[in-house]
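So that you can tell them apart, the chains are marked A, B, C and D in the order they are listed, and the count of residues begins at 1 in each.
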Amino acid sequence: MLFFVNDYGQGAHEEVLKRLVQTNLEPLPGYGGDRYCESAKEKIRAACEAPEAEIFFLTGGTQTNAVVIDGLLRSYQGVVSADTGHIAVHEAGAIEYTGHKILPLPHREGKISAKQIKDYLKTFYQDGNYEHMVFPGMVYLSHPTEYGTLYTKQELSEISAVCREYDIPLYLDGARLGYGLVSPGTDVTLPVIARYCDAFYIGGTKVGALCGEAVVFPKKAPDRFLTITKQHGAMLAKGRLLGIQFDTLFSDRLYWRISEQAIDMAQRMTGVFEEKQYSFYLKSPTNQQFIILENRQMERLAQQVSFSVWEKLDENHTTVRFVTSWATRPEEIEELRQIL
Amino acid sequence: MLFFVNDYGQGAHEEVLKRLVQTNLEPLPGYGGDRYCESAKEKIRAACEAPEAEIFFLTGGTQTNAVVIDGLLRSYQGVVSADTGHIAVHEAGAIEYTGHKILPLPHREGKISAKQIKDYLKTFYQDGNYEHMVFPGMVYLSHPTEYGTLYTKQELSEISAVCREYDIPLYLDGARLGYGLVSPGTDVTLPVIARYCDAFYIGGTKVGALCGEAVVFPKKAPDRFLTITKQHGAMLAKGRLLGIQFDTLFSDRLYWRISEQAIDMAQRMTGVFEEKQYSFYLKSPTNQQFIILENRQMERLAQQVSFSVWEKLDENHTTVRFVTSWATRPEEIEELRQIL
Amino acid sequence: MLFFVNDYGQGAHEEVLKRLVQTNLEPLPGYGGDRYCESAKEKIRAACEAPEAEIFFLTGGTQTNAVVIDGLLRSYQGVVSADTGHIAVHEAGAIEYTGHKILPLPHREGKISAKQIKDYLKTFYQDGNYEHMVFPGMVYLSHPTEYGTLYTKQELSEISAVCREYDIPLYLDGARLGYGLVSPGTDVTLPVIARYCDAFYIGGTKVGALCGEAVVFPKKAPDRFLTITKQHGAMLAKGRLLGIQFDTLFSDRLYWRISEQAIDMAQRMTGVFEEKQYSFYLKSPTNQQFIILENRQMERLAQQVSFSVWEKLDENHTTVRFVTSWATRPEEIEELRQIL
Amino acid sequence: MLFFVNDYGQGAHEEVLKRLVQTNLEPLPGYGGDRYCESAKEKIRAACEAPEAEIFFLTGGTQTNAVVIDGLLRSYQGVVSADTGHIAVHEAGAIEYTGHKILPLPHREGKISAKQIKDYLKTFYQDGNYEHMVFPGMVYLSHPTEYGTLYTKQELSEISAVCREYDIPLYLDGARLGYGLVSPGTDVTLPVIARYCDAFYIGGTKVGALCGEAVVFPKKAPDRFLTITKQHGAMLAKGRLLGIQFDTLFSDRLYWRISEQAIDMAQRMTGVFEEKQYSFYLKSPTNQQFIILENRQMERLAQQVSFSVWEKLDENHTTVRFVTSWATRPEEIEELRQIL
């Protein structure tokens, strides 16, 4: 069965796994105090051109969002997000569990704009009752978004300017960041993100690691962020597991090579869908593609290919998602062509 | 430098790692829905002689304690624990973060007794103001304790009886459970624990896994516990990472073999300390040993051996902790003998 | 200056205050254990025709909503509400502070329908990922709504049926309940509410009390609800303050008489606005009326009458709110007529 | 039946109630924005000699403690308290509900010392694992304590110095503050408290108000403290209820006169117990007195006098508490003498 369900269906990229094997018996300090964590942080700082950045390794996306957002906000503040943001929909209320409201703005292909954010902030402070409402305390973006779309450098710069005007941090969820960084035509690089954001994470789980996300605070982490991660149950005793993986991902451009492979496969796959004249719900510049299928066609296809059902479009049609990753091989695309 | 700092200084036991490598490219469903998780659960149920048990895999001990305790308690309840319990001291307030008070009882070598618990419960309900106080809603034990000591089957049975009398669950933190199970002279087995406890976890991180703890509810899990783990940021996208490890640990008695190796080394190590006439703060039946060192002696020793400083005993003496694990080799014990 | 800002601008209705004075020196047990609380509960049970009802007195609306919702929900559940619901907008995130997400549905004149709720619940459980989302754990209605509108008995009955089908409680925020009960043409009485809802509160603060809301669980309160109120800081030492007030409000139909006075004044006021050909944003059957004013007209009026600015309608128009209460006198309506 | 159960058994002091009646029909802005709140704050600032103080009115002690402590702490911090502190024992876990651990120190007659606090802080930061523990983020004192005892100016000054050395706020729970301020021999005045503490509250509920506590931040309140109170359900719509009461309590020394009456009665009562040769568990300088009774004697006495059972002392003896208030009359003391 062909696998296009998601980008976390396999284990780790082979180089990552090899490195875990090689270092396995070396005794190391716990809780992230080991030399591999240190080395990974140094490489990430260099890649971000952010020599002062404070970096922390956590295990998964929902955890990272909850710990970072709770770490950045005061109790009376909430987080502004697209209504399709992962935190607003698919994290089982992990943000609300930390006591904070998500303040949703209507998305456009998964994105929100500087203008929307500014209007929201302005309207909030003009409301005579704003002291009885949840203060917008930060902005959350996902890049790539849940629809695989990307912000431009110009858009990030504008959103960042609004945040700085209102003195609230900008946080970027990079669960699939690698795929965004190597997308053809993007002008958003790690240093660009580090310049415009106050916090972001570089996703590992969906980009070749067994698990792990690298949280970057380009300027300064919240006070005692290490203790905050522990308090949230987000600190591994064997911090090495994360340090070694990120040290490998940031050696020899592996993070980029992994992502390029996925994007290459995604473009070929898109070509196949176009060639076979399938309708796109949305043509994304990254590794997630959203196709509209007639329901019977969907059922037929599901017998040979695995993919995700995204949402019912109407009585007879459904939007489905096809995802590539570092583990997708050209032969699989060819096989998909045969089937379609 | 000899390493006796803890039992999580190395990566994973070689068989665990080998299995991760072998299965790495197999595409699998996410979030613990894969066949390795299923197989691991089946093996754990068999080992516990608890065919109805509901089992969940989480990544670390603090996380597991927070999620299980919060899952078992209602908001107005707290958890009874030894004052030396890990949750009471070294988890950065992770339990309180979930809104629950820890109700500490004075420990004796890390343990609390059925009598203490019963007295506490009885006194509580006799207090005319108990509705203004935190209800004792469950009991937390660690086994082995933070001092390496063990409960007997009789003790567990008595504590369990008190809990059932008051209709509150008994939860056992088994971060180092393997070392307890194979300790010479113990009569506490997995089926015994499954019979007397309402929840417990089988520690992986400190017993040969890269990360991971297996939570067992012998009878029934709290409603929607899967969603509760997600809400706490405790669910891995690549649940396989935990399933494959526990499936391996519970094949061919690996979990027991790992633990036996550590206990064997601990006994040899204890022999060395006895032979050299060192003072024991506490002689434990498991893999943690607490030695009293004169401070200058401690500094000298620290140049060749790494261990943990436990606590200052008086002006001139300090209690230190030496720990063995599956990775401790006989040669290291021999080398330690030379140094002492 | 004429006062139409809200229905909590004065102290307590004179009969309420008188009773507080009369009973002032009588020594009484604390924390709501006094005979006035008991008597008030008995009268409320009778008025609700709910002889088994459990009743608690809290001090204010936001507090009541937070304590009741947190008491009814499990951690993984959220509360379905109109997007204009008070809890969703003007309570400073008090619900999220307790860890629960508000699941908003688009309102229609402040109301949501059984169909909307059923569609939401159905869609939720059809979503393959529902275990990764916040479970809809209860439904919140306000009656009268934030727009002064009312549900009909038929509507409540239908919403209740949906809730029972999905086994989730229905909760009704009655901050201004009195005004709803006496509104001409309504068929919703206290016994109707007690039959269809699993929890509701009878608002005192906005209906003649100094402070206080009476929470009614017609069948059964959440376990240890008294302790839950204490834990939320919602229990008064001098519980008598609330018991005496509600005992008075439920003697000699005072709660109804107070409300009738406000509705009578509201109808006269509406007549004046109609006579003077003002535009209504929404003509409500209760004591809140929403008028559209041209901005300069609004500024002029504000010099002689105080009212609330509701929201900007367009560049030149604003919706404003005029509210009557038990303290509004016919002379004030006459004076308003002169001014308009 | 003579009433010595507590100091909140009656309603409000007559002058307080009279003022509520007088101002009842005056329309006022809600949520504490009225002129009586403003006037009360001005008088409290003057009485504290703290012209910059920020002041907030809340309804009860548990609520106040929870809101202030949560407002002052970051998530990773806990509050140092005597193990007999009200927050540690009788507030149903309200502090833990806000996510914060209480760090208990052993009390001496309800008090803790600067030395104890300093030792705790020093030991904490010397612990190699302190990042895995709950940070001591503030100190909580009650004055008078739960045993009716008082700190001296010297003691407060020393504790304050330790707090400032470690840069953590000192918070004083003044639920019964009035009785402390007028206790014969005390050198602790409101200006002394305002100088040494970063936050404290002036208790109203137990000192003559119907309800209400005045929180004072002598220098600066936590950011957006008003919204924090709302979020905690601690803001009254009719804020006037609290403002008018405190405005009255701080007019013509009423707060002191009320307290003096209680202390006068307490001294007479103590005299009676001494005269009758009763044993004191603890002779307090304020309005709570702790007497040791033989159990049969206690039962006999309970038929004519109401008091609180404090705790079982041994098989045959019980400590009981007798409390006076502004409502205790000389005749009642005389009657008590007859009975004893």
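FYI, a contact is a pair of C-beta atoms (placed from the backbone, for glycine too) under 8 Å apart; a residue touches a chain by one contact, two chains touch by 3 or more.
None of these values were measured; they are calculated from a predicted model.
Identification of common neighbours of subunit A and subunit B yields C, D. Of all chains, D has its CA centroid at the greatest distance from the CA centroid of subunit A.
Between the interfaces C-D and A-D, more contacting C-beta pairs are found at C-D.
Taking the mean of the C-alpha atoms as each chain's centre, subunit A and subunit C sit 42 Å apart. Our note on geometry: subunit C versus subunit D, Cα centroid distance of 33 Å, whole angstroms. With centres taken as mean Cα positions, subunit D sits 50 Å from subunit A. Subunit B has residues 75-76, 91-93, 97, 99, 131-132, 227, 230-231 in contact with two or more other chains. Looking at the complex, you find that subunit B touches subunit C at residues 31, 70-71, 74-76, 99, 131-132, 135, 223-224, 226-228, 230-231.
Within the complex formed with subunit C, the residues of subunit A that make contact are 75-76, 78, 89-93, 96-102, 128-129, 131-134, 309. The touching residues of subunit C, counted against subunit D in their complex, run 3, 5-6, 8-12, 14, 17, 20-21, 23-30, 59-67, 91-94, 97, 205-206, 210-211, 227, 230-238, 240-241, 306, 327.
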